[in-house]
Every structure is written in C-alpha cells, then in structure tokens.
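Each of the next two complexes has subunit A plus one more chain, namely subunit B in the first and subunit C in the second.
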Partner chain A sequence: MPPGRLGNRIGQYVLVLWVALTLNFLLTRVAPGDPINYLLGDEVNALTPEQREQVLSQYGLDEPLLVQYGMYWVNVARFELGTSVRFGQPVADVLIDRLPWTLLLVGCATVLSTFIGITAGTIAAWKRGSARDTGLMVGILSLEAMPGFWIGMILISVFSVTLGLFPTYGAVSLVSLDGLAHVWDVARHLVLPVIAITLATSGSVFLLSRASMLTTLGEDYTTMAEAKGVSERGVVFRHALRNALLPVYTNFTLSLGTLVSGAVVIETVFAYPGLGRLIYEGVLARDYPLLQGAFLLVTVGVISANLLADLTYPLLDPRVRRPGANR
Partner chain B sequence: MKQSGATPGSWIPDRRRIPALGVVGLGIIGFFTLVAVLAPLLAPYDPSARVAPPFAAPSLAHPLGANDVGNDLLSSLIFGTRISLVVGVAAAVAATVIGTAVGLASGYFGGVTDAVLMRLVDVALSLPFLPLMIVIGVFLGPGLSTEIIVISSVIWAGAARELRSQVLSVSQRDHVRAARAMGAGGTYILRRHLLPAVFPLVIPQFVRAANIAILLEASLSFLGLGDPIKQSWGTILFYANARSAFLTDAWIWWVVPPGLCIALAVLSFAFIGFALEERTRPRLHALAPAQVRRSLPAQGPRRGDCLLEIEALTIEYGERRAVDGASLKLPRGRTLGVVGASGSGKSTLVFAVMGLLRAPARITSGRVLLAGEDLLGAPEKRLRELRGDRVALVPQTAMNALNPILPVANQIAEAIRLHRPVSRKTARERALEMLEAVGIPRARAGSYPHEFSGGMRQRAVIAMALANEPDLLVVDEPTTGLDPRIQGEILRLLKRLQREMNLAILLISHDLPVVSRTVDTLAVMQEGRIVEAGPADEILSRPQHPYTRRLLQAARPERLRPPLTSTDRTPLLRLEGVSKAYRNAIAADRISFEVREGEVVGLIGESGAGKSTLACMILGLERPDAGQIRFENRVLNDLSRRELRAARKRLHLVFQDPYQSLPEHLRVREIVSEPLRIHGEPKVEDRMQQALREVDLDPARYAERYPSELSGGERQRVALARAGVLQPRLVVLDEPTSMLDAGLRKDLLESLERLKEDLGVSYLCITHDLLLARAFCDRLVVLRRGRVVERGPVESVIRKPKEPYTRQLVRAGLPEENRAT
Partner chain C sequence: MLRSGGLLGVGVALLIFAFGCGGGSGEADRLTIAVPQDVGPLNIFAQHEEPLTELVYDKLLAPSPYVEEPRPWLAESVERIDPETWEVTVRDGITWHDGEPFAAGDVKFTFEYFLEAPTGRWTHHISEVPHVEEVEIVDENTLRLSCAYPCPELGPVTLADLPILPQHIWEDVPGDRAATYNELPVGTGPYRLVEYSAERGYRFEANEDYFAGRPLVDELVMPIIEDTAATFTALRSGELDAAARNVPPELVPEFESSRAIALAETAPLQFDEIRINYEREPFDIPEFRQAFSLAVDRRELLDTVLLGQGRPGTQGYPHPDSPWTSPDNRQPYDPERARQILDGLGFVDRDGDGVRETPDGNPLEFTIKVAGTEPSQVRAAELVVKQLGEAGISMTVQTLDPGAMGELFTSRDFDTSLGTITAHGVADPTQFIMSHRSGYLWNLPEVPYPEMEALIEEWMQATTVEERTRISFEMQELFNSQPTSIVLYYPEERWAYRPDAHDGWVESPGYGIVHKWSFLPEEVGNEANAITERF
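The block that comes next holds the complex of A and B.
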C-alpha cells in the first residue's frame, strides 16, 4: 500500500477508536439515571449521603465533564477500566482472563470457515450452472439463514445430550487435567462451538468467493491462459484463484466485527468462558463497566486485525506493492 | 470499450432458473405475512396464558406442546411471526431510508458533505457494532423499539456506501453531464436522472437489509434484549435456552420450530435478493465444452496443402446461427483476413478454431482441419496440446490478456514449459528472447503488466503467443482500443514475425482498411455467412457482393460538400490561452483557436492529447485555470448563472458513446424534448417531432421507444436530435462516430450535414479519426499533450503537414494518403 493511503487508513482507525471510546464515556454520563449507579451497581442506593459524596469525589464524578473526560483517557491508557459489579474484580483482569478463549474459538472458526467458503465458492464458480453449483448454493444459503446460536442448540441436543459425544458446556472439564489430557479436553470442548460458528459464517465467504471467481473467470487473461494450453484446473487454481481472492481478503477483514458478534451469541449457548459469554453475563447483571470494557477490547482487536490486513495486502497484489507509471 | 468484448462461447445468460427461486422466496414471505396478519384468528390460545401443564407433550389440543410455564407453543410461534416480521421489516425500512438519504446526499452534494458523511459510514462499518449496540441496548432497556434502533444502526452504513457509489457513477454518466451542459439545475437532475436511476437499487438494498435484520433480531432477542411480553421467534429461543429446554425431552418442539421459521424467513429474503441480483448480473454457464453434432464425418489425418481448412462450419446458440456454413482456407505462411460488422460471427469463428467454444454453443455441422487433423472431434487433451503450441491466440483487447499478479516473463515462460520439457532457466531465457524480439528490453522482463504501457502489453501478448513458434496465429481485433500510430506498429511487428517464423495468420477485424493493408486473402462475413472471399487486391478493386461494396464505401467516407475557404466570417467561439492542469498532468496548455459561423473545425490528436478536457471546458462542465473562452463574443467564465443558462441554449454537444449518453429510463420523446423543458420553451411536441425528422427518424415510429430498443446508429441520431432541438449555433461533437460501424458513420455524417444546412449550425468536431476529419471538417487544429502543434485548412494539413507529429498521425490514419505521396 502506498504510504499515503496507509496513513489514511491509520487515521481512520484512530478516528474509529476515538469514536468508540468517546461513546463509551458518554453513555454512562448521558444516559438517564445517576452515573454512580452505572459504575458501582445498585448497592450504592444503600449509602449515606456523606458516603455518596465520598464515592463521587473518589471517582472524580463531581468534576466538570471535560475533566472527567481527560481522566477517563488517562485511565484507559493505563488499562484501568473500573471494577466489575458482578465479579468484584478490576474489569481489565476479568477481560484478560477471558480473552484467550475467544481468540482460540474465533481463530479456529475463522480459519475453518474461510477455507471452506473459498474452496466451495471456487468449485461452485468453476462448475457454474451445474447441479453441484446449485446444490452448494442452496445448501450454503440455507445454512447461512440459520441463526448460529440455534445451530449450536441443535448440535448440543444431538451430539452432546443424545449421543453423548461431546461435553455440553464450558471450555474445560471441572476436574483439572494436565499435559496431553488437558489439550484433548480443550479440543473436545472446542469442537461444537467451532462447528456452529463455522457453519453460520462460511456462507458469506462462499458467496463472495464465488462471485469474485466468476468475474475473474470472465477476464481476458483467463481466456489467454486457456489459449496457451493451460488445463482447466490450472486456469482456475494457478491463474484465477489468486486474483479472485483479493476482494475476498479485503472484505474478510471488514467482516471481522460481524464474526466476533457471532461468537458473542454462540459462546452464550455453549457457556464458553470467552468475551461473548462475558458480555452476556454483563447484560444479565447490568454490569456496565464490564460491558464497556469488553466493547473496548473487541474494538481494539478488530482494528488491529484490520491494520494487519492492510499491511499484508501488498504482499498479495503487485499493483499495490509496485504502483506502475502507466496508471 | 466495445460491448462485444465478451467471449462468445462461454457467457450466455440463462434467465429461467433463478427467478423461480425468487418466486419461492416471495411465496414463503407471503405465507408468513398472512400468518402475522391473521395471528389472532389462527392461534388457538393466548400465547401468554397458562393453558397446559408445563412441558406438556404435543397433543391434538397443543400440536407443539407447551413450555415450562404451560404456554401453548404453537400460539407463541404464530404470534412470534408477527413480532419477528414487524421488527425485521421496520428495522430494514429504517436502515434503507437512512442509508438512501445519506448515500444520495453524499453522492449528490459531494465535497465536504461527502467527506463527513463517508467518514461516518467508514467508522460505522469498522466498529464492531453488535457489541456496541448490545451495550447501548442495555442502557436503553430491552424492548421492541430498542431492537429496531439497534438493528437499523448496524445495517444502514452498508446501504449508504453502496448507494453513494451508484449516485457517483450515475452522475458521471454522459446523460447527466449532457443535462448539465444543457443548463439543467441541481433539482432537475436529481429528480429526472439520479432518482430514477438509483431507485431500482433501493429494492435489493431493502431485501438484503430485511434478511440481516431478521437474523439480528433473533440474536438480540436471544441475548435477552427482546420484549419479554411480545415474544418473537428469537425470544422464544431465549427462554428455551435460559431454561435449558434442550436438556429435556421437550426441546425438539420448543427449539426446532422457531429456528426453522427464522431460517425460512431469512432464506426467502435471500432468494428474492438473489433473483433481483441475477436480473442485473446474468447467470453464467458451466465451462463445459461445446456440443459437437456434425453432418460431415470425422476423419483421420490427411495430407493437404492448406494449414487451416474450415469446411461448411455451422455453429448455433439456441435458435440463432452465429456461423452459417462458413468455409475458409489458409496456406502456411500466409495471412487470411476475416472482416465483418460486430455480431457477424467472427469471434465465434475464432473460438471454434481455438477449440475454446463453450456450451450452449453447438457445432451442428462442418469441420475444422489443422494440418489435416480434425479439431472438432479431438479430445480436450489433444486440443490442449495444440493450443499455445501449434495454434496460438492474440485475443481481442490483448492489453488485458496478461495476468495482473504475475510478472510478464513468468507468464511467457509458463507458456513454454506447458509444451516443452525444458528447465525453468531455459524457459526463462527463451521468454526473454521473445520479449526482445517484440522490442521489450530484458531489463523490463521482471515487470508486472500494470508497469507496461498499452502498446507494450499488446506486444508482450504477441511474444507469449509466439513463444512456441506456432504454425497458426489467430489475431482477434488487434487494433481495437489502440491509437492509430500504435496500431501501425503492432501490424508491422506481426508482419515481421510472420516472415521470420513462416507463420500463418488468421486476422479478424471489423476495420476493413486495417485488414486490407495486411492480408493476402480476404473473406467478408455477414450474419454468419462468408459472402465473398478471394485475393485481397481483387476484392478491394472489384468487390462483387453489395455488402462488401457498402463496407468499402463506408470505409472511405466522401465529402458531401467542398471545404469552406473564406476567412471573413464572424468568430462564434474563440479560445484564448486556455490552460488546465489536473493534479500532476497538464491537460491544456495555452490553447487558442476559433470556430467561425457556419464552419466545421476538427480537433485531432491521439488519446491523452487533451481533446475531451477542452470539450468539457467549452461546455462549462470544467473551468479553465487560465485563459478565456468566448462564445458569441462574450467571455463564458464571466457570465452570470442566468446568462450562462441562456448561452447554453445556443451551445450543445453530442457525446462519444451513444450507449451512455441517453438515459435508459426515458423515452425518445422525453429525451429529445429535455432541452426544451429545461429552458421552459413553448411548443415542445412540435419541435421535438421536427428535430426527430431532421435526423431522419420518423416521430410516429420512434417517439415512444426507449433507448434499449434502438441500435447504436439510431441512438446517436437521437442524441443529435436532442442537440439540434433548441436550434443551437454551435454543436460540439466528441468522437461522434467512434462507436459506430463504418456504414452507420456515413449515415450520421449525412444527418450532420443536413442539420448544418437547415439550421446553419457550426461544429467543433473532436476526433482521432482522420477519415472522418477529412470528409467533414473545413479546418483542423492538431493537439498534442495539451498544446496546439499545427492548424490550417483541412487539405493542406493532411497533404502538407509541417510538424512530424502531424505527419505520423496522417500516415497512421490515412494509409492511402501515405501511398499517394
């Protein structure tokens, strides 16, 4: 990516981060009700007026809004996100605790759904109009239409409750294991949630890959490759695929936010101890500091992933890596 | 670019299957809507009443059983339909309305509005919105309105972005620019051009939004943000999950039906969206080879004196015969030209020779023999061996035939290694030699295609085609899209390589003059038939078939009147030192010239010479950085809005591409009368009819048609009628014939002359076509890189060019002239 455009993108991400943080700040202050309730939970109602004053000044809530805003930034920079009402621990600690599980889950599901989506999309485009194409199309559209959490519920009912093949909830068993047994345990817990997220998200990758592949197969250079004697398979995989993947790659990073959102709901079904489940618990407990912290962490994660994608894109596309003089 | 660039064997739309999906989708949605409306009548019980024992098994009274508190699950499901649809549709409507408004405002106003709105959209798209919305939802408290707000704020941004790009592309289209040049105001353009063009896109946007909204509603409700009383499908699942229904026996009745309903509703919206999309993007066919069903028997190799023999070949697409009993012969080392208008079946012929015809093309009879070997009966594997080895192709628009992500030399080396058992190193060395042979230095071999100029890319493709020293080279429209000078270079290069390699060349073109210079024998094709074939000289000097004669005449348009020579006429348009620069390129550099009353001035030069920029400035679509443009002796830049509008009644234009310059959603009547309406002129109907007759279009037959029902030539004449309806003093013609076949060019020329005769208009004709310039213009102004390099009466510029650049232009554009001098 030319330095100018990269600078633009970074500016964009900084803007997004600023908007997210400011929204976060304003929500507690502007929403109806006393901010102290949002920050500390309902137990503050039991405080005496003096204690209340004390708490207010302790949290800086008696300062002017702008000063509070400044303090908020300082706190965010130090990763001090307040105390969770539900867990009675610093929000940052709770988040750090849960983050690895979500990374594991979303990471596995992303790799899998991207792989399945691209492969199926390529085959469908290659065999376009055939029974295989139509079958893949209808099958994948149907899967995409199903809510991910519902797929999760059905998977649990069938594979865990009825067949007893996989655990019904959580990321690890209650008995602590170590070594290989632990890895095996984690993997067994991972299977169903990963399948649920994969099924719910590979559809969009499929549709995009198929459309992109179709466009690419209609390009003049594909005809030229055929005309010089490249086999059909070679045309599809050597000449078309890399070109077709460019828009898939850019769009994939755009959809990361959606993917994480999908994980929120599916972790809930499986009681998987990741950020998503945490958000759900936060919703039930009306734990505002926790929710805000989680949202902040997800935003930073999505933005970093986008930035990573922007930085790596030039490796895929020589037109961006080495902008020519003639265009 | 020409529309016929698509490869004929492979991309034929089939519109039967997908709309059926759309009907299914509509049916399902219709059913759900009915259920939602009639819910109180259909549901056997009040969904919130305890009417059965908890976890009751399905029975006649309760077909789906009951939940943990004893609510009837079927009734919940029926009322749930109501809530899910209402929330989904309301959110989709809200998102579409917001998205449309933002997209329109952004695309229409541009500038700061656009920058601010688009930043907003970008931020909205890159925020992980669902978590944020969950947070906000918690602050707002659960409920239906919360859900609607949350969902619509998640999905509006995507719609806004897509609509904005649509508005932008529409407002760049020639018909909008034409309306602007006619003096139309902003609201007029918005109402008559932008909204009608963009509106059809709003419907698919809405369908997509509804699709996402229903899924999001389910997710939000599942997280407990739905209304606990007015339960949607998602809320039912929320309770099922919260109370661990799937650990009991009741799960199948409690969990499966709502999920299936959600999936069905979403799927049906997806089907509708898919059907709508396929209407604009026709479905594509499988890469299966074309069916072969022949009358002539296949036969083994036979010795012939000809390298390529095509015998009575007939190829059909459905009912249509693309090639009809064509027979051709091409000996080794010679060149055969096939000439015909677009749609005459030339390209299908090319694909048949290459063995690249795809279904639904059917070869119903005939043979294609290469060195005696029957290509049509050959298995795909054999064809692949031949392609690129014995038969090579330089495809149409060869500039785009290189894979953009692979270095050029690698692509050539690949062609070699496909057919020769050589090492990578040897192949690369050979690739470099080939590049040198076509005049690309070794140092550039590692370049990617985008680092080459158009001409270099064309030459690299030729190098790739010839890398294995084939016997036959098929060249499809080698000159389309290239400047005349580069056209000449490419043809000379082909000739030289032909001599060196003893190549046979099959050259396909619609451009008779180009072909006639290069070939030994010539075949003229019309509607799939070869109407005349023989030695090129003979056909050129004594054409037998009337179609050939027409092609020849049209290729050399004749002057309809002698050039004006008097210089004492009053100047109508005068440019004085006009300059314009874009970011880093100078488009016009102190340009001065004038157009006098009743005169036709030709502005010639290669693409990139700055001709179109100049036209835009004259029409007030762009402002010059420096200099003055005077029209009727008044400086255009100094005029008030009102005066400028008045001036535009007497200054008009005809765009290059008649497929873009007419709005597809208006009838011919409305298109031609548009300038009258913009300026509030009286007697619209009469004058519209008069203008149509002026260009030889019968108002009774044409007035009610849409542009899509017109041919290219008819379209261009409608554009001309629109330009003439206000009886302007000056009409600017931007490459008026470049998209037309030679025959139509002649017709248009006649219409132009008549308009000039009847109304006394003057023309400024921008063109790179010297044949047209010579037949039509009185004086020429030659532009190069934004500067006037030469000017003068038409014949003296063409016969005695002073500048080397003009000489090159003339040599490339008028080969006969070159021969004569």
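The block that comes next holds the complex of A and C.
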C-alpha cells in the first residue's frame, strides 16, 4: 500500500476510534441506574441523602459530564482505566485476569469453527445437490439454530454428569497444579465449552464457504482448468477453493475482533471466568469504569481486526494490490 | 495477584480427587461449596457477602442483631454504664491471623475508621442510629463508648453487627482508599482467606488457634458459579459438596428423592415487598395506602408464586421472626373494606370503565416496576395487577433491568415497585428508624406525619431497650395501618448439600446454612446463641 494511502487509512481508523471511545463514555452514562445502588443494594436505605452524595463524589460521579469526559481522555491516554466499583480493583487488573481465558476459549472455537465451516462448505459445494450436501446443510444449520446454552447444558448432562468425562464448570481445578498437569487440567475444562461454541457458530462459515465455492466453481477459470485436464481434486482445492477463501478470510479476520468480547452465554453455563460474563455483570452493576475498560478493549479489538484485514487482504488478492485498483 | 500460600507441585492424584466422586468421610478435610457471586477479596468496604466476611472477621458480640440475646464474643463483657455510655472489655489472648495480638485499640480504631471510610452498610450504626460520639480507651483491654443521645441498643445491635478490623493493617490505608484496598483480609475469625482469584474463587484454611474452638473442616474451597442450573448440575455430578444458593422450587422434588443429596429448610429474614412512592398522589393519603394494602391477597400470591413455600405477608413489616418485631402487626387482606375506603375517599368509577377516578376525574392508573431478571417477582407483579384491578385500581407492570431498579430509590421515579428486602433492612430494630430518616419508608418534609414523628422523637429520648421496644411496636402498628411497604410473603429457603461430606450444617437467623457456625463445633454455636436448627 502506498504511504499516502496508508496514512489516510490510519487517519480514518483514528477518527473511528475517537467516535467509538466517545460513544463508549456516553453510553454508560445515558443508561439509567447508578453504581451506588448496586454497591449498597437494599442497604441504600441505610444512608441519608447527604451520605449518598458523599458516596457519589468519592467515585467522581457528581462532576459535570464534560469534566468527567476530560478526565476520561486523560486516563485513556495514560492507560489508567480507573478502579472497578464492583471489585475495588484496578480495571486493567480485572480485565487482564479474564482476558487470557476468553482468548483461549473463543480463539480455539473460532479456529475450529472456521476449519469445520470451510471443510464442510467446500464438500457441500463440490457435491452440490447430493445427499451429502443436503445432509451437511440440514445438520450444520440445525446445530446453529440451537441456542448455545442449551447445547452447553446437553453436553454437560451427557459428558460430565452421566459419563463423568469432563468437569462441569470452571477453567481450572480448585487446587493449583504445575506443568503438564496444569495444561491437561486447562484442556479438560476447555473441551466442552469449545465444542458448544463451535457447534453454535460453524453455520455461518459453512454457508459463506459454500456460497463462495459455488461462485468460483462456476467461473471461467474453473472450466478452463477442467478443460486442461486438471484432476477434480486439483480443480476444487487449487483453483476454486483458493479464490473462494477470500471472503471467508475477511470474515475470519473480522471475527478475531470479537474474540475479546467473549461468549457470555457459554461462559455463564460453564462458569468460565471470561470477559463476556464480566461485561454482563458490569452492565447489571452499572460499573462504569469496568464497562468503559471492557468496551475500550472490544473497540480496539474490532478496529485492529479491521485494520489487519485491510492490510493483509492485498497480500492475498493481487487485484487489490494493482495500481488503480483502489475502488 | 491476590494469591498466597497455595498447593504447589500436586499431581494427577489431586486432580482425580478434585473430580472424583466428591463425597468424603463424616469429618471433612475439605469442602467444596459454590458461591453465587464474585465479591472480590472480601474487602468489606467494596462489597460484602456477610456469611463469607464473617468466616474471616468476628464481632464484639455474636452472632448478629437478629437474635434476642447476642453473646459476648470478641468482647468478654459489655456493660451499660448510663443511658449514653457503654463499657466493653475485650477478651485477652486473641490473635489476628498474622499473629499480632488483638486489643481494645483495634476496636476503637474500627469505630473511627468506619466514619473515615466511604459511607456504607455499617456507617449508620455509628453515625446516626445510634450516634457514637467518642471511643475512649480505658486500659489495654477496656474501652468506653459514648453516644450523642441514649443508645440502649448499642450493645445488642451495633456491637453484634460491626466486624472488627485490625488496626495494624488498616491504619496504613487512607479512608478514601478503603474501597480499593486489595490485599487478602486479616481477621480473628475461624478461617483465613488464603487465595482468591476469578478463576478459582475462594480458598479458606482453618484458623487452628481460633479462640472459640478448632473449626471442624480444614479447608473450604468456594468456586464462583453464577448460574443456578450450572451450580446444581455440579452438585449432582459430585463436584460440589454444597451450594450457597437456594434451591429453586422446581428442583426440590428431585433433591428430596435423592439419596446422595439432602435439603435443609430455613426461614430467611427477608421478604418481597411492594414499595409505595408516598411522594406521589394519591399515595400520600394514609387511607388510600391502607385500601391499597387491603386489596392485596397475600395467600394467593404465596400459593401461586412460591408454590406455597413460605408464609403469606399478613404479619406485616418488619419481619415477624425478628425478636424486635411486634407480634400484633397485621397487613390483612379485606377487599370489601378496601372498596369501602376507596368509596369513602370519593374514588369511584364514574365512567363505568372498571377503573375508579379521583374526585378531580383522574383515573387511578399506576405502574408497578419490577426487575425483569427475577421471573418470580414478575409473576407476583402480574398477580398484584389482577388483584388491584378487582378493587378498581388499574396497574401496569413495567420490567426494568436490576441497575435501573436500583436507581428508583434515589430517582423516586416510580409509583410502586416490587423487590426483595433482606435482614439488615427488616430484622434490625434501628434500621426501622433509619428507614424513616433515609427516605426509604418515609422522610418527606412537605407531607407531615405527626404521629410517626412524635413516636420517633419519643423513641430517641427513651433510655431502655424495653421502653424503646414498646415504642417501636407502636410505630410498627402505625406503619402497618397505612403502610408504604406492602409485604407479599415471607419465603422459605432450601439448601442442598451432600451429607456424606459434612453433617454439621446449622441454621443461624438471617444467614441460611453456609456460615461459620456450620463449620464450628455445635457447642461453640450454642454458646454464641447462633443456632436455631441443626440438620
């Protein structure tokens, strides 16, 4: 990408980031409810009105909105995300505690569902109209249509409660383990939630791959390859699939952006200590600093993924690289 | 991170143990108990879950203000010198978890620190009702507390409620930073919190030197499982020994027929209530509130919403099981009387649409706000709508998220709202006064309430617990005759546990079964007057 265009593109991203972060600040404050009620619950009746004011001022929530906005930018610039009202800990610490678990869980599931989706989509398109195509379509879409929590509960009921193969909850055992035992422990806890997310999300990749493959299989170059006498496998995998993967790749990179937002339903069913559930709890608690920190992370994640897609796409598609191809 | 200690280098054997069949021998080395919420590293100024907090901390008197006669605990004796003064002698030879000796100085420090730290659940017990003006150290083990006005409940209420903090730890934490202090707590209680993390939850180790007696269970492991279904699935699979969460009514039959899992039934000191915004017309009219209350059929609510598991709320406010509540309180159901009162007020249906109008012609149409995350309460709200509709009062249910529900108290943007109020609100006698000062039950300068104000004044002047109790009872009866809180039902709770893992579960009023008294020898709990039932 020429330096001028790159600068332009990065400028656009900075603008998007500014808008997103300003929205991030505003949204949490527009929502009804304030953290004092959460902090004190029904104990709020133990406070006189003056004491309530005092609590709000301790969290800086009695300042004018503009002042709060100014403080917000200063803190973002310093990567000081404030203190979670709910946990009484720095927001960055709370997020960093959960982030690896979410990346691990959703990352594994994204890779797996992309792989399954592409494979199944390719086979379905290749054998279009056959019983195999119909079978894959019905099977994968049925799984996609099932609610994630329900799949999760069925998996727990069969594989944990009845067969006793996997733990029912959590990301690790309650005792600390070292080395290989720890890795094995984490893996055992990961299996069922990853399967649940994968089953519930493979459908969209499958549909995209299948549709994209059908288009490339109908292209002239595919017919040309067939006419040249390239084997069927060669046509499908070398000629059609490579071209069909372009939209799938875009979809994959964009989905990387949502990695950090977690999977709230599955994290809840499996009591997995990820970010999705944390964000949900933060919303209920009106934990503004925590929500802002989490949304900041999600925003940066999504924008970075977009940037990644933008920057790497020309490497895959020579047409975009060509001068004058800037559409 | 917030970890200390920890079992390192433990191999596959422990793994198998952790995921094995769960159950153990009668004397448990370790119990695994799911808690429903992550409350951080038990910093009482940030969040508090009292049963957990009190594993670590003790109070001067035990077990709580919810029993008639709390017993000296960290205190050896408490004595009332005159109406405004109490003298406390603390026990000798108690040490904090870090080995430092506990002394009267810690108590003085705690009282003063609660005023310095952000205002919270305990503050009013020092700053308002009662108002402790001065804490004076007499000698190493003795201190004197002086109040601004007579404080006969200081002993049985405040001293039985306030967790005592170690001065040598908290004196280095500025008051305005109290809520963000992150270290693991140091207390005098039967358990030390040795590990806390989001992924593993809480791990407590028994305090072998606990002054009242050695705890029965060596280690308590408490993973955080927020989802109800996930919790009870893990209990069923054997990964948990108990759950610090109520069994939903639909799971009760399954656990009742289970041989591995037992149920304990307790009567929590809490109830669901409809709060009335007395600032809005016509709720500021006492007779209208009375008619509103008379039109609510609590028995039907109990049978439909809680499937009969509890008692109807006809014994009124506060909770009838609290020793501080008048046995004569009533919030009866009498729809005929309700209609008569409404007619008498001139609230009649003039246009024949089934809804009464005020004499000015405004229809009696109100909303009832309820948290959409609480299905049983939404059900209750729907039923109340039907019942009041029969009396000619039109109600509409509005569901909100819990955050917005919580804000109603400060925004006052509601006609009526339905929610739960817990023990500190409805079983603590000073809280009833406080709720009339904070605006929860009343505090409206524009609308005079001379009878109640006179009683509060009389209460403030009274110098003995007996006198105050008598006045409190009068206040409660006045309140219930024109309530700003309509009690719906007093629920029962059921707790599930594996009896082969631990069989020392006991009920302590207001605390259910997962609390320190279940992990201490029975005679210790009896000495503290903490046990109402053994399971």
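Here is the rule we use: the second predicted complex is superposed on the first by the 251 of 327 C-alpha atoms of A that agree within 3 Å, B and C clash if a C-alpha of one lies under 4 Å from a C-alpha of the other, contacts with A are read in each partner's own complex, and residues count from 1 in each chain.
Convention: contacts are C-beta pairs under 8 Å (C-beta built on N, C-alpha and C of every residue); 3 or more make two chains touch, one makes a residue touch a chain.
This one's a predicted model, so the numbers in the text were calculated from it and none came from an experiment.
**Q** Between subunit B (first) and subunit C (second), which, if any, makes contact with A:G164: first, second, both or neither?
**A** Only subunit C is touched by A:G164; subunit B is not.
**Q** In the superposed arrangement, which partner chain does A:S231 touch: subunit B (first), subunit C (second), both, or neither?
**A** Touch partner of A:S231: subunit B, not subunit C.
**Q** Tell me which partner touches more residues of subunit A in the superposed arrangement, subunit B or subunit C.
**A** B
**Q** Check whether A:G257 is in contact with subunit B, with subunit C, with both or with neither, and answer first, second, both or neither.
**A** In the superposition, A:G257 touches subunit B alone.
**Q** For A:F87, select first, second, both or neither according to whether it touches subunit B, subunit C, the two together, or no partner.
**A** After superposing on A, A:F87 lies in contact with subunit C but is clear of subunit B.
**Q** Does the superposition put A:L284 against subunit B (first), subunit C (second), both, or neither?
**A** In the superposition, A:L284 touches subunit B and subunit C alike.
**Q** If we overlay the two complexes on their shared chain A, which of subunit B and subunit C does A:I154 touch? Say first, second, both or neither.
**A** first
**Q** Where does A:K127 make contact in the superposed view: on subunit B (first), on subunit C (second), on both, or on neither?
**A** It touches subunit B, and subunit C stays clear.
**Q** Touching A:A294, do we find subunit B (first), subunit C (second), both, or neither?
**A** Touch partner of A:A294: subunit B, not subunit C.
**Q** Should A:P273 be classified as contacting the first partner (subunit B), the second (subunit C), both, or neither?
**A** In the superposition, A:P273 contacts subunit C only.
**Q** Going by the contact definition given at the top, which residues of subunit A touch subunit B in one complex and subunit C in the other?
**A** Overlap of subunit B and subunit C footprints on subunit A: residues 31, 153, 156-157, 161, 168, 268-269, 283-284, 286.
**Q** Considering the complex alone, what residue numbers of subunit A touch subunit C?
**A** Residues in contact with subunit C: 31-34, 36-49, 51-52, 54-55, 58, 83, 86-90, 94, 97-98, 101, 153, 156-157, 160-161, 164, 167-178, 181, 184-185, 268-271, 273, 277, 281, 283-286.
**Q** Where on subunit C is subunit A touching in the complex?
**A** 1, 6-12, 14-15, 18-19, 32, 38, 40, 43, 45-47, 118-121, 123-124, 127-128, 176, 179-182, 197-201, 203, 221, 223-227, 229-230, 233-234, 236-237, 239, 373, 400-407, 409-411, 419-422, 424-425, 431, 434-435, 437-441
**Q** Enumerate the contact residues on subunit A facing subunit B in the complex.
**A** By the definition above, subunit A touches subunit B via 12-13, 15-16, 19-20, 23-24, 27, 31, 126-130, 133-134, 141-142, 144-150, 153-154, 156-157, 161, 168, 214, 217-221, 223-232, 239, 242-243, 254, 256-258, 260-261, 264-265, 268-269, 279-280, 282-284, 286, 288, 291-292, 294-295, 298-299, 301-303, 306, 316-319, 322-327.
**Q** For subunit B, which residues count as touching subunit A in their complex?
**A** Interface residues on subunit B, with respect to subunit A: 5-7, 10-11, 14, 17, 119, 122-123, 125-132, 134-139, 215, 218-219, 222-225, 234, 237, 240-241, 246-247, 251-252, 255-256, 258-259, 262-267, 270-271, 274, 283-287, 354, 356, 384-389, 392-393, 395-398, 400-407, 414-415, 418-419, 448, 450-454, 461, 464-465.
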